[in-house]
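Chain nomenclature is as follows: A, B, C and D, assigned in order of appearance, with residue numbering initiated at 1 for each chain independently.
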Amino acid sequence: MTDLSVQIGSLRLRNPLIAASGCFGYGVEYAEAVDLSTLGGVAVKGLFLKEREGHPPERIVETPSGMLNAIGLQGIGVHRFIREKLPELRRLRATVIVNICGSTLDEYVELARILSDAEGVAALELNISCPNIKEGGITFGCSLHGTFDVVSAVRKVTSLPVVPKLTPNVADVASFAKASEDAGADGVSLVNTFLAMAIDVDTRRPILSNIVGGLSGPAIRPIAVRMVYECRRAVKIPVIGMGGIASASDALEFIIAGATAVQVGTANFVDPFIWAKLLDGLNDYMRRHNLERISDLVGTIDTSARDKQWISS
Amino acid sequence: MTDLSVQIGSLRLRNPLIAASGCFGYGVEYAEAVDLSTLGGVAVKGLFLKEREGHPPERIVETPSGMLNAIGLQGIGVHRFIREKLPELRRLRATVIVNICGSTLDEYVELARILSDAEGVAALELNISCPNIKEGGITFGCSLHGTFDVVSAVRKVTSLPVVPKLTPNVADVASFAKASEDAGADGVSLVNTFLAMAIDVDTRRPILSNIVGGLSGPAIRPIAVRMVYECRRAVKIPVIGMGGIASASDALEFIIAGATAVQVGTANFVDPFIWAKLLDGLNDYMRRHNLERISDLVGTIDTSARDKQWISS
Amino acid sequence: MLVDVEARVIRNTRLSSDYNVIALAAPDIAAATAPGQFVMVKSGRGRDPLLRRPFSVFEVLWSNGRVDGLSLLSKRVGVTTGMLFDSVEGDTVSCLGPLGQPFAVVDPPAEAWMVAGGVGLAPFATLGDALVARKTTTTLFYGARSGAELFYLDWFTARGIRLVLATEDGSIGDRGRITVPLERELRRAASAEVMVYACGPEPMLEAVARVAATFKRQSQVSVERVMGCGMGGCYSCVIPVRDAHAAQHAGSERTRPPHHYVRSCIAGPVFRGEDLVWD
Amino acid sequence: MLVDVEARVIRNTRLSSDYNVIALAAPDIAAATAPGQFVMVKSGRGRDPLLRRPFSVFEVLWSNGRVDGLSLLSKRVGVTTGMLFDSVEGDTVSCLGPLGQPFAVVDPPAEAWMVAGGVGLAPFATLGDALVARKTTTTLFYGARSGAELFYLDWFTARGIRLVLATEDGSIGDRGRITVPLERELRRAASAEVMVYACGPEPMLEAVARVAATFKRQSQVSVERVMGCGMGGCYSCVIPVRDAHAAQHAGSERTRPPHHYVRSCIAGPVFRGEDLVWD
């Protein structure tokens, strides 16, 4: 039997596959398609303290091998989440990672406090990287000090694993991973979406009501893999990788580059039944390569020169 | 008759379509597919003072709607270029934009001097953004001071239009456009490729010999359009936009976002006959929208709220 | 039960240069579909297009007394609809469903008036069948650009569904918008109990809901928002819905009544006309 | 003249579970192709795959005394070759060519020995035809994994081309690598003037070039590098070539002889064996 379990701080995940925040509703929406207890984790849609309306439509648009979104973090707020969604997620035995967003440092602290007291929260993912809202955590996510401060502050008030989610819209993402580690994070997750835009050339108007949005999907995968690789070399804490994963082989690319776990977002929209296929693919790879523990694969990229082979191409 | 001509500093281009550097050889390779005199310009492969061998294969790999390259700026050096290629390019009546790369500020200056004396060079594009070589201009391109310094230095020794080519691998590309403008650039071009990587999961080795490479192609278009939009609002000098253009509509997206001219790279690999199609597409759009001068379209994006329409969807 | 199937194309019938009806071997989805529900469709291999697209289930197909598939009525507007238009027998189309909230089907003595604009005809074949099965007197108000874009008229008449037509060019029926005959007939039928169903472009839906309300009739409208997932995962498809306790928001400076966004893929695509707030 | 054509698939013949021969209506390219040249192919619509892939022209097809197309011999290894394998008559394949430097065809009294490994057979049908037309005595050394992967044997024998076979499993001909019988025959044919042509995996090409040199014969090898454009635009396809004036580099510490990278798409894909430096 292959062992797919991985460790993020004090949290042990059944397997490295996590549903990415904002791409899986509050998890309960997908209970009909997938047994949530078979996933490594479920990162629920980004939560503020209060309810939020989000941006007007259009909120998404497809682009080559990707999509832009500017949802604007519409959400029910942390209190309704705890009341209305968490019990159901507990019943479904989901490993719940709550993605939290604040406009101020105090809001992150407050959210962390509230969620630490709630039953059935496995970890906190600090969304300091949403490109779609002005007032949100992105101001923290684009400053090394801001990142350090918000992670330290949350660290102080919770014993839950704390995983800041990093933005790729910076010159050197590894330094943000380092700042997070220094501040006591249990891991970092990356990437959030790339700030981008699309224009309807006939009307000369941006397609998204918010003008700009975040690019996700297979298009960004090679950039995300590179960033995970850089972070892996910069920090000792686990890296959770994501960005365009749509197959087991894509997930393995991240793991080999240095991701202890991976998240899948956009691909779940295309195929809500993807999870069993990804698990099968991982198990199959482990068997073919005679590997026992997937954790042994993390960061094993071999950058030495390559041999040539006598292949009958 | 529609007027497709555009102005970059003192240089008037027949139309806004420029072949992107590194994606069109030295131009002469494509003379059989396209009459070079019908293009707005031809940006030739990045030149150092000296010949360069470049990286060992593999140098490219396809990714979703994109490709990675790590050519490593193999090239014949400026002297052989002037001797062996420039006369032929003159004969073909190409508007030649020379993309130059240096390891030091002095090399950029030296290259600019040499090329200013050569007959048939229309403009200089300063490559301070190649992600694939350690010793190259990217150190300038990732620092505001470096960008300012290299542009000012080159500005002093040439009367040719000077266009620094910016890297997208920074947090705020508009500030680099501003630094370029302050230093006396006649325009800025963007984007160069995004630093990225791909791994063969079976061998666990990076596919490119250089480990990392640059992502180009349609995948990056929405990010590039956003960056052009940001630069347009930050500077008065012309912006030359590129990144994933593969159709006239893509080119128009950049123009409406704020690009005075556009470059086409990866798409030329897929279709070396693309140029006539792009020109037709631009002319067709101008006709349909009753526009006389394409320069009137530059940066005309309308970000006001959208009307609703009674469309029989 | 939610099903995803690589459905074989059984048949592709072109109705015009833009419209086609494509029959897909997706019996499990077809058998489970209620009128007004939709499927998320992905045509072609690879990543272009990347996302699925929503389509109403048009017909549930029977053969030898068993459900053997479903059909979609598609209008060519872009990548996916272009691929559906070009599909040939034996191709496959990935089909996920059934999804969304169906129409509430009324019984006699209530009458059903279905109002379709263009490709908005799609949900009314299954709804018509369900109504006829309950012996509910049913009328189809059907508007299009021209007579050449009015399809399946015989299909509806064969089932005893009365047709009221309008075309923008006046080639068949009233010239202009379908809401004109709708309003005329509502005015005439002052005493009848009528449930108005509508599907079409949003400005039409808004007009239908308004006309129905004016004549004190209930309406159910099926909206078409851009959908990323169809399952409540992405929050792309939201539509503003009137707040239940509007009073508490009184005095707000907005011109639109107090409202909140709901996901039209899981709360809809069918809504009560009076619940929606039009942008 | 360079041509790009949306070529219709005339015929797709599967030779095994991996190999197929696909006939394409690209007469202009076919008519202009010299043996050893290649085309850049894009299968499928949309952006997946994004880039074209290089394929040798396998056969030039004639009908009623006129060239009406070309065929490709394809081995399924990934996206594009998978699509070529699955293509059906009437599909289209975008085809750009002819590209690259062809083989130099030798005349009698020289003999031609063609050495093919696996799908490396592809350029030897047109080369064989050209050689036979010049009455050059021609032999095909052809190696594959097993007898089931040796194709078109009759085609070559029908043209009077002698076959020497080798398979890795020994099911037909020599067991092992094709260079074994090649070396044996070269040793025997000590006096004959022989031009050795080779196409196949690079380690095979290297071995063939070495064996030819050992026996003082010239060789022309067709290399297969990953190609982004096929036209000299991207510099992806480079291969190290021995420097002309090697002396000036003497004393370099490299283990490989002094060399520089050339673009195999325009300087090749055919090179003189002695010019290449093997990694």
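To be clear about the criterion, contacts are C-beta pairs under 8 Å (C-beta built on N, C-alpha and C of every residue); 3 or more make two chains touch, one makes a residue touch a chain.
These numbers come from a predicted model, not from an experiment.
For the chain pairs A-C and A-D, which is connected through the larger number of C-beta pairs in contact?
Counting C-beta pairs in contact, A-C comes out ahead.
Can you check how far apart subunit A and subunit D are, centre to centre, with Cα atoms defining each centre and the answer in Å?
Taking the mean C-alpha position of each chain, the two centres sit 47 Å apart.
How many Å are there between the centre of subunit C and the centre of subunit D, using C-alpha atoms for each centre?
Subunit C and subunit D have C-alpha centres separated by 56 Å.
If you average the CA atoms of subunit A and of subunit C, how far apart do the two points sit, in angstrom?
Here subunit A and subunit C have centroids separated by 36 Å.
Measuring centre to centre with CA averages, how many angstrom lie between subunit A and subunit B?
The mean C-alpha positions of subunit A and subunit B differ by 33 Å.
Quick check on subunit B: which residues sit in contact with 2+ other chains?
64-66, 217-218
In subunit C, which residues are in touch with two or more of the other chains?
47-49, 279
In graph terms, nodes being chains and edges touches, is this line, ring, star, complete or other?
Per interface graph, the chains form a complete graph.
Could you list, by residue number, the parts of subunit C that touch subunit D in their complex?
44-49, 79
Per the contact definition, I'd like the list of subunit C residues that touch subunit B in the complex.
Those in contact with subunit B are residues 47-48, 75, 77, 117-120, 143-145, 168, 200-204, 224, 279.
Would you tell me which residues of subunit B are touching subunit C in their complex?
Per the stated touch rule, the residues are 64-65, 308-313.
Mind listing the subunit B positions that touch subunit D in their complex?
22-25, 29-30, 32-33, 45, 53-54, 56-62, 64-67, 69, 71, 74, 217-218, 246, 266, 268-273
List the residues on subunit B that touch subunit A in their complex, please.
Touch residues, subunit B against subunit A: 63-66, 68, 142, 169-171, 194-199, 201-206, 209, 211-212, 215, 217-223, 225-226, 229, 244, 249, 252-253, 256-257, 285, 289, 300-303, 305-306.
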